[in-house]
Amino acid sequence: MEITAQQLAIVVHGTVDGDGSTVISNYAKIEEAEPGCITFLANPKYTHYIYTTKASAVLVRKDFKPEHPIKATLIRVEDPYETIADLLNFVNSQRPQKKGIEQPCYISEGVAVPDDAYVGAFAYIGKDVKLGKNVKIYPNVYVGDDVVLGDDVILYPGVKIYHGCKIGNRCIVQGGATIGGDGFGFAPRPDGTYEKISQIGIVILEDDVEIGANTTIDRATMGATVVHRGVKLDNLIQVAHNVEIGENTVMAAQVGIAGSTKIGKNNMIGGQVGFAGHITVGDQNGIGAQSGVPNNVGSKQKLLGAPAINAREFARQQFYFKYLPEMFNDIKALKKQIEELKK
Amino acid sequence: MEITAQQLAIVVHGTVDGDGSTVISNYAKIEEAEPGCITFLANPKYTHYIYTTKASAVLVRKDFKPEHPIKATLIRVEDPYETIADLLNFVNSQRPQKKGIEQPCYISEGVAVPDDAYVGAFAYIGKDVKLGKNVKIYPNVYVGDDVVLGDDVILYPGVKIYHGCKIGNRCIVQGGATIGGDGFGFAPRPDGTYEKISQIGIVILEDDVEIGANTTIDRATMGATVVHRGVKLDNLIQVAHNVEIGENTVMAAQVGIAGSTKIGKNNMIGGQVGFAGHITVGDQNGIGAQSGVPNNVGSKQKLLGAPAINAREFARQQFYFKYLPEMFNDIKALKKQIEELKK
Amino acid sequence: MEITAQQLAIVVHGTVDGDGSTVISNYAKIEEAEPGCITFLANPKYTHYIYTTKASAVLVRKDFKPEHPIKATLIRVEDPYETIADLLNFVNSQRPQKKGIEQPCYISEGVAVPDDAYVGAFAYIGKDVKLGKNVKIYPNVYVGDDVVLGDDVILYPGVKIYHGCKIGNRCIVQGGATIGGDGFGFAPRPDGTYEKISQIGIVILEDDVEIGANTTIDRATMGATVVHRGVKLDNLIQVAHNVEIGENTVMAAQVGIAGSTKIGKNNMIGGQVGFAGHITVGDQNGIGAQSGVPNNVGSKQKLLGAPAINAREFARQQFYFKYLPEMFNDIKALKKQIEELKK
């Protein structure tokens, strides 16, 4: 992509302040931008960066008033963050959309493929599968028997959806994700071996869910593992059987959730966090990366650490951790002094 | 599934105590069950839940004597836990079993496919592969040259078994698992670059092993990475080259085991645990989630933390952690007081 | 493989010291070797093992002088470590090399397949893909539109390369890895839902990079996620959008790197380490397993812990951790004693 600031301003219904002929070929955060980049200023907290950024152009609010000279060309718009998102979506929409059925693929008899669908080569569609309008099933995808895919679902290459699972409208599943594998359920026998417990439930992804690459979501023992509307899961996340994740909760990569745990709405979970099984987590919590959550959590909390506690309290305890050796020696010295005082 | 308590009692050779016409359509743990669910009471520790459970029916031991009134219908059986497992297995067995060869698939010349096998579309079977009776190879599975699959092996969609690996009888590999990828072996050169060391060993899964979705088990540098009989590995686990995992050891999701480590029998390992390379872990240990195991471990231990120590000792240290800031201030105050006392 | 020490010595241009007829059938580290194994001694630190090793043969430096009797046959060479690597490479090279195009596969019109390439069955090659000399594309691999594969690239079964990504010469990608999936970018809407931000960038793997099984590398929002020359990533690693990893950096399994973080050259990163987003890590650091890196890191440091600090300092603090309960009680006692002294 190469475009001038002036051309871009026309696309985004903005006005140019500065050199309209500057050429933009890339995007970056304001503090990291290099020449040739466009960036944006939405959060007032970052305002100071605009005076030092190396970006060639910056999207700013219509009413932004600089307090110092700025090198970059400004493009004034209603909402800079939304504009950047729109811009990327616009560029993306220019790519040719996949359509039609590539051969060879395997579509079970009787499955209706909507006219506007894409079924890539080596995609497998099992018996009694229902396909929504405009689904895109990339090559090497497996869709098991009785699966339901809503409208506008995208399954990227190598996705596996086991039998019976339900995928809501506009869900996106990135490559290699495995949805509906058997839950990890085994009954110990007296001789130390284990008997597999059949996992006869399913996985339900409600509408507008996105699942990251190589993430795994296990089917329920009975009933359903449920990922509610609007949830976004990053790559390599483990969601065990009978887990439930509430609306609009967002999780960074490599999080693990053990069996039957219920997580509420609008939580933000950092990378590599682990949740114990059979616990309940409320709504609107922020849980920092690598935390371990062993017990129930309320709502609107900021947690950190393993075991996870109030983030501020964690920071406080952590702060004193480095004084441990010194404290140890101080206590030793104090003991000695007191012994002497006693004499 | 919809069935009355009375009908169910007949199937499981039990007797009904209460309303036999109550309809059951789901399964849940006793403390989480909703109306319409069946649950079970096996562990006496959970007995108190039976008086408050919302389950419609509870499987209990033949000789169970309630001490308070119970709302749920009781179904009395010899062994409630086994009955639940049997029940799920029964329901599961009602699903039609996959059989036959779907086209197109790729079966190398000379490979004998047993009559009762399933080979899904887009499955790849390399040269000189040996297939046991009743193997089920789902679509998009890769079975490399010289691989041996025992009887009743199930390879779910997207499983990849590299050349030469041996999979024992009744092994189940969930979707997307990669078995036999190159071990992570590189020799540093003086200029800071690395030379790849060929990995000419294999992976052996003995009988009755289950491997979770998207788990990775690397082939040995030479010799074999061995997963012994009855081991159950959850999803997204990393097993490095030349690792050995003893019989009936069970590991939760996202565990990582570095190269050449030997883990004994009947261990229970929590999620996200990490094992250093070249260490030896004994038998029957319980290692808590997110622990880090840097050194050899004996047997029959309960460990927790990173570095992992005795779980009780870990809890004790952790308990005092929160007093650190207070202790720091106490020491400061004590110093002052002693200075004053000295005067 | 079965070979005598004498035969081996000829292959590796070495000389035999001891029983040349001893048969070698396996390889192991010197401290773990069993009879029948060959091993090597390169690091003087391990010299004491040579007197007790059960290995049948040991590769040693030409000028090695034993101080005690040694049971094993010695094979004297210039550089024992290099020789072992060469040996494994030699054995590996004896395996028949994959060549030619297996059917059915999907190769888009106009894509030129070099004569010496391997394209396995069910491999998918999109539009305008460029294939270097001697590429090996295993079965069930997906290569999206406009992808460029350099010379001698190996893509193992089930690898997925999304459109537009660039894979350098001699890169090896192990089975199931997903390269170029959408970065995890979402804009929060006022109602708590999220809008997907299109990810229009790519992934670049420079020359001589190896990517482990089921690892995920996300495409950039704009621009490129870049893995520089000679980097080796183990299995199940997460590399987020716009990350950059410097030359010859090596990472063990299950590491996670959040968005836009820049990691320098020749670092060695242990398993399960997590890096926060938008940070910068210098060169030649060693970061221990399970560490959490929340902030910028300089160069040539040894770090450990979460948050990661100087490894020696971490060990020191950790050492005193176990005295916490004792320290707590000491302080209590000291307080009491001072109160008494005051009276």
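Lettered A, B and C in written order, each chain numbered from 1.
The rule is short, and it goes like this: contacts are C-beta pairs under 8 Å (C-beta built on N, C-alpha and C of every residue); 3 or more make two chains touch, one makes a residue touch a chain.
Everything numeric here is computed off the predicted structure, so don't read it as measured data.
So chain A and chain C are the same sequence; what rotation in degrees superposes their CA atoms, nearest 5?
120
Shared interface numbers for chain A and chain B above half of all numbers used, same, or below, different?
different
Measuring centre to centre with CA averages, how many angstrom lie between chain A and chain B?
Distance between chain centres: 25 Å.
At which residue positions does chain A touch at least two other chains?
104, 122, 140, 158, 176, 214, 236, 254, 272, 321, 324, 327, 331, 334, 338, 341
Quick one: which bits of chain B touch chain A in the complex? Just the residue numbers, please.
Spelled out, the residues of chain B in touch with chain A are 1, 26-29, 32, 81-82, 84-85, 88-89, 91-93, 95, 102, 104, 120-122, 138-140, 156-158, 172, 174-176, 208, 210, 212-214, 230, 232, 234-236, 247-248, 250, 252-254, 265-266, 271-272, 289-290, 318, 321-322, 324-325, 327-328, 331, 334-335, 338, 341-342.
What residues of chain A sit close enough to touch chain B in their complex?
Residues of chain A touching chain B: 104, 106, 122, 124, 140, 142, 144, 158, 160, 162-163, 176, 178, 181-182, 184, 186-187, 192-200, 214, 216, 218, 221-223, 236, 238, 240, 254, 256, 258, 260, 272, 274, 276, 278, 292, 294, 306-307, 309, 313, 316-317, 319-321, 323-324, 327, 330-331, 334, 337-338, 341.
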